[in-house]
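Chain IDs A, B and C follow the sequence of writing; residue 1 opens each chain.
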C-alpha cells in the first residue's frame, strides 16, 4: 500500500464538487425514511451501494484519462501497490460516509424519541463495510479496463448482460445460463449478510466464499491489467 | 529514511527496494484460484442438495411450487414477484395456512397468476441441518420464525416480509399489498436494496 | 560504471503496423547530458517511454545501472518531466510537490523544507505554492514539473521538452538548473526541439529519425555560442584589420572564428547577440555587404536529412 496515494485519492474524491453534491443528496434522501419512521431501526437506511459507486467511479480510469498516471509510475511505486491503494482509499472513503449516515440516523432517532438499536447499528455498519469493500474491488477492475468514468458504463453493461443471459437461459431452460446470470449479478454486488451469524444460524459459507473470491479475483485482474498497461501518447492502449 | 546524497559516486541509499514495478501478485493469484475452486465446489454441493421438485407439505396442496432456480428464472422472465413460503412440517400455523390458502383451488390459482411460488422447507429439527440453499435464503431474508412469507423480486426492490399467520383474508390482503408496493418501489431493478 | 545501455531496441504499435523504434542501439555514460533530437514522429518520446519503463519493447534490451528500466531501484533514482504536463489540477503546487516527495519515499521530516526549497529553486513565487494547479500558466506548470523531476536530486533525469512554453527568464533558469544537475554528476536524457538549447547544454546528441539513430554528434557542453554569423565585406572595399573585427566581437560578446577576406565568421549566442555584433561592426566602421547566419551543427543534421529526401 502507498499512504500518499491513499491520502491523495481520498482528497481527490472528496473535493470533487459533483461527487459532494451527489453524496449530500443521497445522504439526505436516506434520512427521510428515518425521519418518517424513526423506530424502524438502521436497516431502513438501505445499503450503501450507490454511495460506494459514487465514490469509486473513475478511481483508476480518471488518472489514465487525465494523464497523471505517468508521473505516479515514474516513482518507486509498484502497480500492485497503486491498485491496492486506490481500493483502500475508496473503501475507507465509503466507510466514512456510511459512518456519517449512521450517526445522522442515530441523532434523528434520538431527537424523535425513538430507541437507538445499537446492535442494529453495528450490524448495519458491518454489512455495509463489507459491501463497500466488495464494490470497490469490482470498480477497481472496471476502472482499470476503461478510462475516465467508463467503469460505470461497464458496470451497467454487465448488469444488463446478466439480465439478458438469465432471460435467454430461462427461455431455453438452460440451467447453466441461468446460474451464470445469477453468479454474475451476485459478483457485481458482492456482500455478506451477517444477520444469520447474530441469530444463531449457521455461517452461510457459500456466500462468504463467493464474496471473497469475487474481491480477490477483481483485484488480481485489475493488477494484471495495470502491469500490462502501456503509458504513452503514442500507444493505442492508453 | 536517510536523505538522498548528492555525491555522484554514492551507492544507493540503504533500504532501497528492488524488483519490478510490474511484478504480478503471486500470492493474491494463488488465493484467488483457491477461492474460485472452493466456490465451484460449494456450488456443486448446493446443487446436489437442492431437490429438482420441491416437496409439498400436503398432497392436497394446489400450488405448483417451483424450485429455487427455475422460480427465480421465471420471475426474471415474467416480471412476477416471488412468493417464498418459509415453512416447517412441525409448524402448526404453517399447516393451517396450507389448508386455508394453498389447498384452496381458487386462492392457489390466484397466487400462481400473480406470483412465482417457491416453498422453502426447514428440516433442521428432523435432519439436524438444512441444505445450504435453505440456510442462505433464511439468512438473506432474516427468517427466524414460521410461517414467514416473503414477497420479493430477484435483485430488485426491498422484500416484504410477513411473519406468522393471522387468518386467510388478512394474509391474502397483506400479500396483495406487498405485491403492489413492490411494483411502485422497483423502479431501478439493477440496484437492489435490501432494507426493510 | 553503468549508465544507460540500449541494445537493438524495437517497439511497434497497433499490432506491428507502426514501427516507432527500429533497432536503436546506444550508450549513455554516467554523468553525461545526452540529447535526443529529430523530426516529429521520429520515436523520441517512445524512446523515453521505454527508458522510463512505461513501454515494453518488442525486441532489444535496456539497462539503467544494470537494472531493468521498470525496476524499483531505477525508479528511486530517477526524475521525469513529461512533455504534456497534465498534473493533478486540484492540488496546490506545494501539495503536488509534497505528494511526489512522499511517492519518491524521501525523508518525511525534511519534506516541508525540501518542498519550499524546490519551489524557490524553480522561481515559483510563494503565492503560487498555495494556488491550485488548474490556475497555473503554462510557464508555471513547466517550472513545477521541473521542480518535481529534480526532487531528491535523482541520479537520472529524463526531460521531455523541458523549455517548452517557458519565457526567456525560464530558459536561463532551466540552463542553470541543468548545470547544477550536471555538476553533481547526474545523467540527463533530454528530448527537445530547441536546437540552440540542446547545443548549449548537451555533451552528445543523437539524431533520431523513423525509429533509428541516424547520426550522433559530440558537442562541447557549456559552449555558449550556438550560432554562427558570416559577414562579407565588399570585395573592392578597404581590407578590415583582424584586430578591428576582434574588438567588435569582444564588445558584442561574440567570438571571431575565422577571417578569410572578404569573409569573416563569428560565433554568437543567439539572435540578440547577432544584432549586437552587427551594431558593433557598423560602429567600428566595418563595411558590411552581407550578413548571413549559418546553420548550427544540429540544424545541419535536419537540413542534410532534408537534402537526402527525407521529410524534416
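Following the convention adopted for this analysis, a residue touches a chain if its C-beta (ideal position, glycine included) is under 8 Å from a C-beta of that chain, and two chains touch if they have at least 3 such contacts.
Predicted, not measured: the structure shown is a model, and the values here were computed from it.
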### Message
If I count C-beta pairs in contact for every pair of chains, which pair wins?
### Response
A-B
## Note on the structure
centroid check, CA-based, most central chain -> A
### Query
Between chain A and chain B, what's the gap in Å when you average each chain's C-alpha atoms?
20
### Query
Cα centroid separation between chain A and chain C, in whole Å?
46
## Note on the structure
Chain centres from averaged Cα atoms put chain B and chain C apart, in whole Å, by 65
### Task
Mind pulling the residue numbers of chain A that touch at least two other chains?
73, 76-78
### Task
Spell out, as numbers or ranges, the residues of chain B touching 2 or more other chains.
16-17, 19-22
### Query
Which chain C residues reach two or more other chains?
53, 72, 75-76, 105
## Note on the structure
Residue positions on chain B within touch of chain C in the complex are 1-9, 12-13, 16-22
### Query
Mind pulling up the chain C residues that touch chain B in the complex?
30-31, 53, 67-68, 70-73, 75-77, 105-108, 110, 152-153, 155, 184-186
### Query
Where on chain C is chain A touching in the complex?
13-14, 18, 20, 45-46, 49, 52-56, 72, 75-76, 78-80, 82-84, 86-91, 99-100, 102-105, 148
### Task
Can you check the complex and tell me which residues of chain A touch chain B?
33, 40-41, 43-47, 49-50, 73, 76-80, 156, 159-160, 163, 166-167, 169-171, 175, 178-179, 181-183, 185, 189, 193, 195-196, 199, 201-202, 204-207, 209-210, 212-213, 216-217, 219-220, 223-224, 227-228
### Query
Considering the complex alone, what residue numbers of chain B touch chain A?
16-17, 19-25, 28-29, 31-32, 35-36, 38-39, 42-43, 46, 69-70, 72-74, 76-77, 129, 132, 135-136, 138-140, 142, 144, 155, 158, 189-196
